[in-house]
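This report concerns only the one structure given below.
Order as written gives the chain letters A, B, C and D; numbering starts at 1 within each chain.
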Amino acid sequence: MPSRKASYWDYIRVEDLLALQSGIDASEHDLGNDEVRFIVIHQVDELWFKLVLRELTTARDLFARHPVPEDRLAGAVKSLQRVTICFELAAQHFRLMETMRTQDYLTFRDKLNPASGFQSAQMREIEVLLGLDDQDRIPFGNEGSYLDALKSHDGSPSPAYERVTKRIKDGPTLKAAVQEWLQRTPIHGSVPGDAGDEQAVQDWIDAYFAGHEKLYERALEHAVKTQALTGPDEERLRMRYEGQLKGARRHFEASDVDADRRAWVRRLRAAILFIDSNRRLPLLSWPGSVIDGLIECEQAMLAFRQRHARMVERVIGRRIGTGGSDGVAYLDQTALQYRVFTEIWAARTLLLPPDLSPSVRNRDFYGLAHDA
Amino acid sequence: MPSRKASYWDYIRVEDLLALQSGIDASEHDLGNDEVRFIVIHQVDELWFKLVLRELTTARDLFARHPVPEDRLAGAVKSLQRVTICFELAAQHFRLMETMRTQDYLTFRDKLNPASGFQSAQMREIEVLLGLDDQDRIPFGNEGSYLDALKSHDGSPSPAYERVTKRIKDGPTLKAAVQEWLQRTPIHGSVPGDAGDEQAVQDWIDAYFAGHEKLYERALEHAVKTQALTGPDEERLRMRYEGQLKGARRHFEASDVDADRRAWVRRLRAAILFIDSNRRLPLLSWPGSVIDGLIECEQAMLAFRQRHARMVERVIGRRIGTGGSDGVAYLDQTALQYRVFTEIWAARTLLLPPDLSPSVRNRDFYGLAHDA
Amino acid sequence: MPSRKASYWDYIRVEDLLALQSGIDASEHDLGNDEVRFIVIHQVDELWFKLVLRELTTARDLFARHPVPEDRLAGAVKSLQRVTICFELAAQHFRLMETMRTQDYLTFRDKLNPASGFQSAQMREIEVLLGLDDQDRIPFGNEGSYLDALKSHDGSPSPAYERVTKRIKDGPTLKAAVQEWLQRTPIHGSVPGDAGDEQAVQDWIDAYFAGHEKLYERALEHAVKTQALTGPDEERLRMRYEGQLKGARRHFEASDVDADRRAWVRRLRAAILFIDSNRRLPLLSWPGSVIDGLIECEQAMLAFRQRHARMVERVIGRRIGTGGSDGVAYLDQTALQYRVFTEIWAARTLLLPPDLSPSVRNRDFYGLAHDA
Amino acid sequence: MPSRKASYWDYIRVEDLLALQSGIDASEHDLGNDEVRFIVIHQVDELWFKLVLRELTTARDLFARHPVPEDRLAGAVKSLQRVTICFELAAQHFRLMETMRTQDYLTFRDKLNPASGFQSAQMREIEVLLGLDDQDRIPFGNEGSYLDALKSHDGSPSPAYERVTKRIKDGPTLKAAVQEWLQRTPIHGSVPGDAGDEQAVQDWIDAYFAGHEKLYERALEHAVKTQALTGPDEERLRMRYEGQLKGARRHFEASDVDADRRAWVRRLRAAILFIDSNRRLPLLSWPGSVIDGLIECEQAMLAFRQRHARMVERVIGRRIGTGGSDGVAYLDQTALQYRVFTEIWAARTLLLPPDLSPSVRNRDFYGLAHDA
């Protein structure tokens, strides 16, 4: 404990903090309330992003361990919940931003050019740390990559550029670490490397796919029985169900990925469905909550992006963005397309109702010592 | 005042209300918490929608008057704010819905088929009353129109069908009424029918367009001066600015609408920009707030739809909807495309910064008696 | 699965639902938007309260089992989270209520008299089911008990009266059930009835109290060292710390309860602190989350009450309530004083920092089968 | 426009901002996520408070003008709405703070001593600028005043102390400025200094008080007619109504204030009720919104304080605060007792239903030029 006597102003660094709102002008005195508010909201976002990065790093470090200690999973769930809350809080700020009318913003917008929210290094770091693939990024109008947009005007590395490139090197991503961990999940009590593990995984997948066949049969029967479908409507529905079943088969066979990764991906997909279908088993209860936490995080981030697009549309309409992007249309596109935990989202479409979900072998393996 | 002694249970109709949660089963006793919650959330949404319809009707009735009494505009703004709040409240319910895991929902989902949220008559009524054009609707998979989806299984008119068809007949829409009122806005103190009104409108439009030319020139100059644009990037930016200027011209000339409606649309568009640029004038302050209120309402409804899509994706993934739609993808599409107050949104893109905004003639016309 | 073809309007009972907003008038047609909104908000609250009662009953039924199956605790946590969300949603409605100006409310307030929100049977049922003690209730102005306020005007039992009296008979309360379960928590691996259980509990309490002595000593030392305390300020601080230590001792000794319940209360209090201090142990992780869930629920209910008081103050000021209460002052009083999980709240004040928290004997007892 | 090329990182001062989270330690590296989050949340609060101070100052400067230009009132309403939003956003952060468990906080709490949120200079500045009277402050345990708590440990003026003392000198308060402006409101078309102004005010007050007499008579009659009141209950109710009527008379007569200020306070009180009862008149519509905005601000600040108390209670229970206060109990007390706009709150209790509200003379005085 420091012998120094703490004061709120030293601890929170209040004076230093409150001296950072002059933008690119010499003094805050020349700025109107609208611009100071505009600056403050972005600063608050950056502060939340800092917390997001800390929590995601903590979670990533945990899942990168081998084995991951079971008694730390509740902590990881809490980290993910905090990330969710940070994005929810950040999404709330748009209410305040929207109190600025279009004309108010236009009084200082031009001088910002070409500064742009796309240059927020921490937002890019979050995407990198989560595991957004570079090839999934949508170019935003200029020639260069998203990294080029972070360079200084003379092309030299800016602090933002350095942050992001450093983050790119600091692997693994949360996605990679989590998937490794999920992929090792005991299925019917068997873990990778166990004799018979492949068979255990195959048994689970076969039983699960059989459940899907029953599910679609049942749904179609019900639709035919209860709805006055026209012939073409019935045919259309049947086609769609068959499409979904075919999609399910492709998923379980992992035929969409390269042959050398196929076994690994199959086990990963089987594991996600195994956890999500059996989360009342004590050993799987916190892993189930981790899955929920990841879905929540990504949903919150998506909602933040959509809310951002709405605010921009409301304040400036469909103008070209200061950074040179297509503005609102670009934001709406990235919101829906930037997905990280695609394997976990895919499982949502494939979960079976409890009565069709296969039963688990070796249940004792998943229990508490106390019950044993 | 009724002489009857009021009690909370009579006034709120508590017992009748709490007897409506048995779904299609004989008794609520057979239902689990998940299904009762599912039913209740939809009921609460319907209750909010009822309030939305009442407030929108009140606002519509006001704007359909001729002239619209100025001292009622603050009341209309409040009505619109209530609509916004209702959609915001309804959007909050998805948090509660999402506490239901996929498997929990699947235990009762099949029996709902083909019932679907698309059959919510009030939601359709809201769209109709607002003024969503039928040709802007996106078909959701089956052959029929959205009205067919509201018919009973034997093809007879359901209560939902009757509600919506009745609403369709009960014109005008809010959009039509508001646009008529906006279109009559005094411009430079001149109203439709005044001698010289066409010239007053044209003067305002000319001055406004000249402001746009200066705006883009200035923006491009600034971009060239401050950014290390590559040749192709500069060209791309110039093209986009020219595209926006061309769009502005098309807007002011109303060349996108039929010749017989052109003068009316031109005056409407001029009026919206006139109000939004001069809302500090007392006569225009509440009309300005009406414009904000309409934007807020539509934004809140859009946000409600997007939040709905997120909830559906989280709970059931990308399955086919119970009503036969494409599910999430359909919801995301309607969220972004169902727009009503397109003329008002368009103005957001065209507003000028105060220093480029034309000045107003006849300012006294817009003042208070007291100042005179 | 019913063979009946489901429609949204049948399933949600839309028409029945939308026919319940006429208050005490013959027809809704005579009512203004303000009164219909007032009615709807109360109805929505009643619908949330219905869900609250269902979730609390589910949780209560679980904790009343003996033993409580460990694999159901995550479900109980979810039930408690739903209760929290319901209160948070209900608290949001006040925003909508507050769009009604005082004068608008006064146009129909008189006819409600003596109907009052105090007559909400479900709110009283929630309090009863949670376990609010009758002697902790604050009388609200009239002579009778809260039950009398629920009787019909002729003194006969109303539906509200019947709901609440039935609920009172339907024990145990959630508080009682949870406390029984908590009190049985293994401490140092020992459960009630085990030989040496009393000693195990005493050991834990002794070690815990010793931690408290160190805590206060340390805090006082630090204060003296770092603060320029005046003599009287130092004395005042010392007295307060001593008061807190004395309070801690009374808590651990349970000297505030009757002698015949003392051993039971001591074990309960020890158990709460044992769980909360050691929740990383797998067997205690979900019990720890249950404790958090109860705190959250009660906090959300308190926040709902305080938000209610703020809305009332804003809309009607400090008038006498329709039910005859003191209005706002009464609401603020109940908000702060109606506490149910007092033993769990008390533990918040007594938790030790990790470095002073006693270590656990028999850690393996609290582990997973898999790790064994 | 600066020729300097703007970048996001320069404009937002990202690197400077993200270097301020090391608390009283040499490096952030030594801090856990909990402490960094604790620091960040306080910093975000300070940033919102900065915006609050800017908006309140803008509003204060406006109301301190004489006359206050009518066309700026809508802007003042927007300033007040922003203050409300800032407090609502700040209140949301407690959700994030509450993810920190008691034990997590205790790991670093001691070293903060005696730093305390009470030392937030900006919060004190907000209270001062609003116009909280010094004699209304509740002492928080130590000997000194709230200003002493802001001094450095050696007694010298800290930056916090300087901020607050500077603010105290920078009058007038918002309350004083607003009350001066409200007090000048034309009543029946008469302003202070007009011949007959006193009579106009008196007429309004007399008519208003007569409305109150009718209101209570009517309410009591209705209660007697519809409720089965026991004799003592009826007597109790009558006494309370008489108490309220007596309170109303005291209010209108301003017998609670010194004789020399009585006429001024009477006119102020009359003016508030005059505005709030007649806000559909164009000249009074924005003043009416100002009144609503002040009520909303103060309610939001109160709600922020209450939410703060709940968070503190949840995280640390009822311990002594780091600043030496009584902790939660102190926070709850200040939340309910720190009121600034007491005259405006008082009017809520005294507003009459429209049918009892007196009519306005000289209505044309309050109209638009256009209608004239």
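In this text, a residue touches a chain if its C-beta (ideal position, glycine included) is under 8 Å from a C-beta of that chain, and two chains touch if they have at least 3 such contacts.
No experiment lies behind these values; they were computed from the predicted model shown.
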Ask   = Of all chains present, which has the mean Cα position farthest from that of chain A?
value = D
Key: Reference interface B-D: repeating pair among B-C, A-C or A-B with over half of contacts shared   = A-C
Distance between the centres, which are taken as Cα means, of chain D and chain C, whole angstrom = 30
Query = If you average the Cα atoms of chain A and of chain D to get two centres, how far apart are those centres in Å?
reply = 40
Between chain C and chain A, distance of the C-alpha-averaged centres to the nearest whole Å = 34
Note = In chain A, the residues touching two or more other chains are 1, 4-6, 110-111, 113-114, 153, 222, 226-227
Task = Within their complex, state which residues of chain A touch chain B.
result = 102-103, 106-107, 109-111, 113-114, 141-143, 153-155, 218-219, 222-223, 226-228, 230, 232-233, 236-237, 240-241, 244, 276-277, 295, 299, 302-303, 306-307, 310, 313-320, 324, 332, 336, 345-355, 357
Request  = Could you pull out which chain B residues touch chain C in their complex?
outcome  = 1-2, 4-18, 20-21, 23-25, 33, 36-37, 39-40, 42-44, 46-48, 50-51, 54-55, 58, 78-79, 81-82, 85-86, 89, 92-93, 95-96, 99, 110-122, 152-153, 158-160
Key: Residues of chain D that touch chain B when the two form their complex   = 1, 3-6, 70-72, 74-75, 186, 222, 225-227, 279-283, 285-286, 289, 364-372
